[in-house]
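Order of writing sets the chain letters: A, B and C. Residues in each chain are counted from 1.
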């Protein structure tokens, strides 16, 4: 127990990512594409009713949505900034541009995209990814989706995957209205309210009953404009007995001004349905990532969260699972890597309402070079959740003593007919393990990187191959940076 | 006087809506200038060295290196409550309360190795409202076992508060025992702050069996190298009772070791809020912290909240905590039943085991026996009592 | 033929959870009072399941068939009621209870069984006798139930409980596995005493070390949840030499 070793330090996915491991450069994520003023539409900095109306108009919102935005703005103005998380004094809302849109329409064909946007995504490997193994891709650039494509066979299954704007007015308008910010109401917290006021972009997915989508749907978000905010809304409804995997990736270049991401993800998992939601977040290190993700499961439904947090200056991220239906199930597998200048506050929340519901949390936190990583969670078992089972397992790996790692796991259990187990550990890389590996001819730096990758293995093994490779890249990158 | 104090602050805040960040001690009482502690003859090697008012106490703390230094709080990184002199588990507002009520701190000095336990028995034989504050200074190499036993006459009611601070010099050893078996209409608080210099060993055994409402706070500051802490809390949450506690073990010295164990039972309609923190400060290299909470829940209308935290500022440490909450496991029940013990009896045996495990750490026949009776009574008050316990 | 004490009729059972699958198929087994039966079979044959089902473990459920003890149908009876009737199962991994001494545990079990307060003096004397018979250290009974016991100590403690509780039928589940010579001696001695006092034994084992000093009346061979062969004590030796291969199709 004293020290932590990677379970399988040798399995550092060498075979998975041989090529990628060798030529990692931070530049891959930090490239800045100069946006030419005349090609982009922006609202003024800050947040006023005027700006909210302007966004609504620009987006051709239905009336109810304008009302919703204005109501959210009022709530935003009333709510206080959280007193418990990383300090967000550095974030000056008066200086955040809430809406930036390229003056290009959404394209379904990659070739039609403007060169600069295309280049940005090409560098991130988005279209290749799609060609190789994705059922559908949406790519958001700043505030709006610029590219959207769904594979024909998936479309023929009746799966709807579209941008939120089209969904608001299209065939599924009623369904969207019925679900939009019902799971995460604007009253939830200040940044949910902000989201409600200025949200833009994001995806809508509907999987009809009894449909199994074999290949993942993917969304990629990139925030390219300096001093901008991204507020995409993701709404996924998986109907009875269906099964789907959704992947989101996020990145942004680094500027000297703060950027803000306050997205919102709402997932509705129907009876006996199954949804896996994977995220690799690598926002640049000036990003305030105040993201809200929540899922609700009906009877027998399953939500699985896979979450890798590498980027951002500060993060508040706690995907929540509401286990409403009897026998519903949630799993959260997450890794957070806080390096220099980062304060990442991540975790999960599980709310058990239905009988015989179960939840598992398995997280790993790594901190280094003065980074602060906080694991924060709550497991709530209500009186109605007879037969509930919950288990939490969190490990923290500290790579030096100028960093900080905290574990703050709350539990609130209100029935005796529940089994709850919790285990947490904090430790460092074992000198013995490093020595052992070095004795076999591996350099110390390499050995340490391998151990960290091994520690992260429970998460990476849950990811599709190329995302696992990307994650290992990120770990290696973080390990190399001072 | 009306008491409304914010106590048991979570060292690092979390979501306000979970209602964990602090507790409120509230009561409306009139304190009588009356001493309910039975006369105890102090053994050789221990003496009452003075009565300190607040200013004198602060002065004493500074002189003895027990003042709150910047590195002793999670400085500036997180929103924090106001730090106090000689930090305790319940926090600064308890000192305010004692000061407002005119309670002075009794300073005891221990400079010998005292073999037999010193026992302070507090007997509330009538409706009572009383508080006491003691400061125990154990000199280098000295040893003492102090038992504080709170008992009362069944049917009386009241408010009882105990504030204890312990300063252990290098190599000093102390076993502090607090056993609370007050009648059910009492409100009780117990606030503890401990400073441990190098190689000092502190053992803390707390048994919480009585009172309708209890607030417990304990803050162990392991300043010195190779200091050792062992803390055990055993409690029974009777129906309609409320228990709120905050245990913090702060590791500052190299190779300091801390072990905390919590064994609890919650009957139906009981509420418990617990905060347990292992706090590893920078430079506490090779420190080891281990904490376990094991709660047996016996009723479907209960509130059981736990927040076991690990805070880490130093990489070269090892910290572990584990929580298990639930009913009697099916495996255990099967084992018991296979020896002819039915479910109700098996449950009682498990309740008894949890309490007696802690009671067995107390070197005092009377308390051990009383703890057993207490479990008997807990079952006697219940409908399934077969009268055997009488 | 001795009077029948345990009779299993056409018993099929499996894991209690849904889709747990069936482990035992149509078992018939009759055990006479005072007899010693050995149930053999390779790992996973269902031997432990049978012992647990006779005791009424909630992990398993009976799909069909009946279990009779002392002429009474106990198939639906609760675990503690079976124990009170005189069935004892030794556990492979007895559970640990910090804070509850072995002595206190036994005292409670005996009080539950007899429904009368235990006479402390008699009880203590009996404990001393049994400890002596088994050549066990008296401090044993003061220790918390199974807490910090080594594998061997746990098995010895189970045999100690067997002699203290004096059941009619003892089902010993792999009681001899993983024991050092000393523990085997204690366990064997305990079983011998129990047998000599007229106790009925159902010994579940895949090795036979412990049987050397015992007279075995009947042997049953379990393969894939079915009893495939039955015989007298000599079958034990046969299996020792030839293994189970001839019974596996």
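Here is the rule we go by: contacts are C-beta pairs under 8 Å (C-beta built on N, C-alpha and C of every residue); 3 or more make two chains touch, one makes a residue touch a chain.
Bear in mind that the values here come from a model prediction, so they are computed numbers and not experimental data.
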Inset, instruction - Report back the single chain whose CA centre is most distant from the CA centre of chain C. - result: A
Legend entry - Pair of chains joined by the greatest number of C-beta pairs in contact: A-B
Inset, instruction - Could you tell me the distance, in whole angstrom, between the mean C-alpha positions of chain A and chain C? - result: 55
Inset, instruction - Measure off the straight-line distance from the CA centroid of chain A to the CA centroid of chain B, and report it in whole Å. - result: 41
Inset, instruction - Let me have the rounded angstrom distance from the C-alpha centre of chain B over to the C-alpha centre of chain C, please. - result: 44
Inset, instruction - State the interface residues of chain B toward chain C in the complex, per the touch definition above. - result: 263, 330-343, 345, 349-350, 352-358, 360, 388
Legend entry - Residue ranges of chain C in contact with chain B within the complex: 55-59, 78-80, 82-84, 87-89, 91, 94-95, 97-100, 104-105, 108-109, 112-113, 117, 144-145, 161, 165
Legend entry - Parts of chain B lying in touch with chain A, wherever the complex brings them together: 12-16, 18, 20-21, 77-79, 266, 268, 280, 282-283, 285, 288, 297-327
Inset, instruction - Please give the residue numbers of chain A that touch chain B in the complex, ascending. - result: 1-3, 83-84, 372, 374, 376, 378, 383, 386, 396, 398-401, 403-428
